[in-house]
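Across the two complexes that follow, chain A remains constant while its partner is chain B and subsequently chain C.
This part shows the complex of A and B:
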């Protein structure tokens, strides 16, 4: 019998959203249209239009050793061309942001190849070959995984995930990389905090109702409470209990 | 160091405040007689980028500005989310509550009475200030900070 992944437990809207984001069979909902050039500017790894700097010669030129694994796994476009490995990092506010670090890592592992995600409590970084990264970043920014106000693209100095929102609904950012300008969020600095020559718009913040319906984070005050999803609670308690018992004595 | 007999209260807002809102609430507060000390608190906004490849670059930020409170300039270095107050008498708490209600109209806030400032110096305070420390300063600023408090002329 073929195995069908369940992606996650739970009957709440949060659990449903988590499954939808993780399942590569479900197309991510495209919401905004940030151009590739704008994404390159926000990431700040190279100038728009500049050729991709390389870390090694293209695979076709350098000659690959005779290796069975290399025969099974086809290289990504970036790896084929010998691109550098670069990153994009997100900080998601705990106030109903559409995604969150663990979720992002699951999503990326299910949907993309050739990536190295790093999961931390308040931020999530994903590394990849540069041209692959730009494609992934375009997905992560232009779809329902992103909200201009509650998600920040932050390479360093990421503090903000667990803080109260500002009066205008923006997540706190001590470097103020993006500002709310006439109802549209615009990036004025790249992800590490270097000022940009021009403001890069990333769209209007989504409204509260959309965020509540599309978040993958439980929050008892502003969203769906974790305790309102008994199936999820049972699942987490089972994992917790088993890892504690079998960590202590791995026998029945 | 604070005297045990002075009541204290803490205002916590639902949102982190804009400098204009901070200016508005502080000007309402300083007009109330009987507030000894005010501490404004929140996440820091650094003058220079503190970490990463851009470390050391200037950090332009709309939250790091100069506001005027009771005719005195105050340089904001944090995005204010908490205001601690030390009062001469508990009787003025309703007036503080009223001032908050007038300013915080778009979001909620909490006003609590309690003890929020340190009453005895810590080891770090001792290392920084020594035995002859200014009692007004202990417990209200970071001992590593070189800038002093802003003194606002009272009405007495």
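This part shows the complex of A and C:
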């Protein structure tokens, strides 16, 4: 029987947004044009134009063992080239940021290969081979998964996801890696906080109506209350009940 | 599940004190607080550090240079905290146990405590040596023991001894369920169960202890600090043996002494914490070995507030998060300062208190349970549907409160803080409703799943580890997979590594007994021992004691200034 993913329960707009983001059959909506060079600058792993540093020789050169798994799983471009594993990390405001930590991880697992996501409350990191990462990062920044004001690209000192917003609508960042400048959010420091030689624009903040319509987090004050999606709540109760029952006595 | 209205928000006073402007605003100003200088305590630290540096010639606390390469914390408002249930506002720094002598003393008082049976020794003395045991001989023995236990000689000539002023917290009292015997012992040595406990609790305790006679011993704080928890039984056993020799005129070398030693070190000993496996590298009487049920017995708020199991349980949360998160996981097992932020969220600003009392109101509204009745007949059956209903409603309410009060979300700025607090309120409400500790734990785990799905986030990686698989082990009691809540503890397989859980688990377990007005959770001996008003730390009011420590009004034991030049 072929498995058809359902991408989660719920009848609310939040639930629907979650499913759309996760479903690789739904094309992510391209909203802005941050260039590859600009993304490289924000991530700060290598200088634009610099060759990719390697962790090992290209697979074609180093001689792969005869391994059945290797025959099933084809390597990504970065793995083939022997790239280092590097990261991009996001801090998503609880005020209607379009993606949120677990949602990001689910989205990435459905849409990309060769990744290692990590999920916390105030940040979500995804690691992969460097050239693969840059492609993924371009999606994560240029599409409806991102908002310049409510999503921060932060390697460390991520504090801000749960704080009130600044008066200009920006998420708090004690390092102020990005600033609102003439209506456009510009990165003045890379994700780890090293000052950039030039400001890197990542676009205008989305308006409140768009954020509310596109967020993947329930929120009773600025969005949709979790309580208002009873199907979702019941689903969680069902999962919990079944786990409890079969933990107690794993038979019918 | 159906939302109910609660006019009184217990956290409002704290939020209004902590944050300027409307506590429901979604926006504020940042980056204009003068960094670390906004905090009086940080300023004090910087001034103190300068003096230290001048004296020792080595650099020290310098946040303006060392934090983030020259960017000090304080780009947002550095908050004060109200210790829940006390009305006392304190600096966050003063809730780190290093800066708080009350917190240190709470742990000292547990680690230096040992409970030893007198019955085994009396059997040896009577049956093997033919000695007569009477209330008078017991009184004499206790006089001798209270001379010897702090570090004084009773048999030998030409011995060194300890200065009474530095070991003044060391003593032994006794207790029994035998009222007649109790009446014949000197009052100074007796823990009077009837006077210390409400009538129903006292009755249960007396019945459980029966005619046996127990010594509640507290060795000097300074000894257990210099050595470790494993020392407690050894120090006490040595002095017990010497005191028996003196009181009953025994030969110091006769073989019967070995029986007394064996009883005092092994056969008749109740440790506060079990010996941990070798990989933890800790002996007995260390925090990782304390069963949650025993911890619920150490904390005495249910004795003082028998008709408010919520309040009594919240005191266990405060004490437990301090001991298990700040001291055990945060220092014994890890190190540094980060763990304090996890723990304090559960006992500051009345946030968990508000969520828990919402649960109490919900129980009254939906299930017609008066939580203050503490009557076993008034509890509901712990069915899965009822557990789900209570835990879901308490969690949804808590999430909505965080959402409706953005300053509260800012107060609990980390997901682990919120997760622990919401799940604790859910677990406590469920356990108080059902009087079933495992039902309470099950409510905790549903809360975690609900939280994670609602906000698409939970806590740090540790929450992935135990909270997303907790449903499956919360009703399992098979070895290595589960246990009833009372017998779980900080070293229970799935709980051993994660901050933000253990104190709350202990409270959930305890609440299932407090809600029935039980005299004890699992140990009547521990319950009675920590009811002692002579202890340095008041175990009936841990949060008040922590607040006193934070505002520098708590006087701990282990004073050494007598023995050193004044600075």
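Rule of thumb we're sticking to: the second predicted complex is superposed on the first by the 242 of 252 C-alpha atoms of A that agree within 3 Å, B and C clash if a C-alpha of one lies under 4 Å from a C-alpha of the other, contacts with A are read in each partner's own complex, and residues count from 1 in each chain.
One rule holds for everything that comes next: a residue touches a chain if its C-beta (ideal position, glycine included) is under 8 Å from a C-beta of that chain, and two chains touch if they have at least 3 such contacts.
This structure is a prediction, so every number in the text was calculated from the model and none was measured.
A.B. asks: Kindly say whether there is room for both chain B and chain C on chain A in the superposition, answering fit or clash.
C.D. replies: After superposition on chain A, chain B vs chain C: clash.
A.B. asks: Once the structures are superposed on A, label A:28 by its partner contacts, choosing first (chain B), second (chain C), both or neither.
C.D. replies: It touches nothing on chain B or chain C.
A.B. asks: Report for A:122: first if it touches chain B alone, second if chain C alone, otherwise both or neither.
C.D. replies: second
A.B. asks: After superposition on the shared chain, which partner residues are touched by A:195: those of chain B (first), chain C (second), both, or neither?
C.D. replies: first
A.B. asks: Once chain A of both complexes is superposed, is A:184 in touch with chain B (first), chain C (second), both, or neither?
C.D. replies: Once the two structures are laid over each other on A, A:184 reaches no partner at all.
A.B. asks: Check the residue A:213 against both partner chains and state whether it touches chain B (first), chain C (second), both, or neither.
C.D. replies: neither
A.B. asks: State whether A:85 touches chain B only (first), chain C only (second), both chains, or neither.
C.D. replies: neither
A.B. asks: Considering only touches as defined above, state whether A:163 meets chain B (first), chain C (second), both or neither.
C.D. replies: Touch status of A:163: both partners.
A.B. asks: Could you let me know whether more residues of chain A are touched by chain B or by chain C?
C.D. replies: Looking at chain A, the partner in contact with more of its residues is C.
A.B. asks: Mind working out whether A:246 is in touch with chain B, chain C, both or neither, as first, second, both or neither?
C.D. replies: It touches chain C, and chain B stays clear.
A.B. asks: Is A:176 in contact with chain B, with chain C, with both, or with neither (first, second, both, neither)?
C.D. replies: A:176 contacts both chain B and chain C.
A.B. asks: Based on the superposition described at the top, state which of 27-35, 99-107 or 135-143 belonging to chain B clashes with chain C.
C.D. replies: 135-143
A.B. asks: Indicate the residue numbers of chain A shared between its chain B interface and its chain C interface, in ascending order.
C.D. replies: 157, 159, 163-167, 172, 174-176, 193.
A.B. asks: Name, in rising order, each residue of chain C that touches chain A in their complex.
C.D. replies: It is residues 1, 3, 25-31, 68-69, 71, 73, 75-76, 384, 388, 392, 396, 399-400, 403-404, 406-407, 409-410, 412-416, 418-419, 442, 445-446, 449-450, 452-461, 464, 469, 471-476, 481-482 of chain C that touch chain A.
A.B. asks: Chain C touches which residues of chain A in the complex?
C.D. replies: Against chain C, chain A makes touches at 18, 94-95, 100-103, 118-122, 157, 159, 161-167, 169, 172, 174-176, 193, 216-222, 225-227, 232-233, 235-237, 239-241, 243-248.
A.B. asks: Spell out the residues on chain A that touch chain B in their complex, using ranges where they run on.
C.D. replies: 155-157, 159-160, 163-168, 172, 174-176, 179, 192-195
A.B. asks: Under the touch definition given earlier, write down the residues of chain B that touch chain A in their complex.
C.D. replies: 13-18, 21, 43-46, 49-54, 57, 59-63, 79, 81, 106-107
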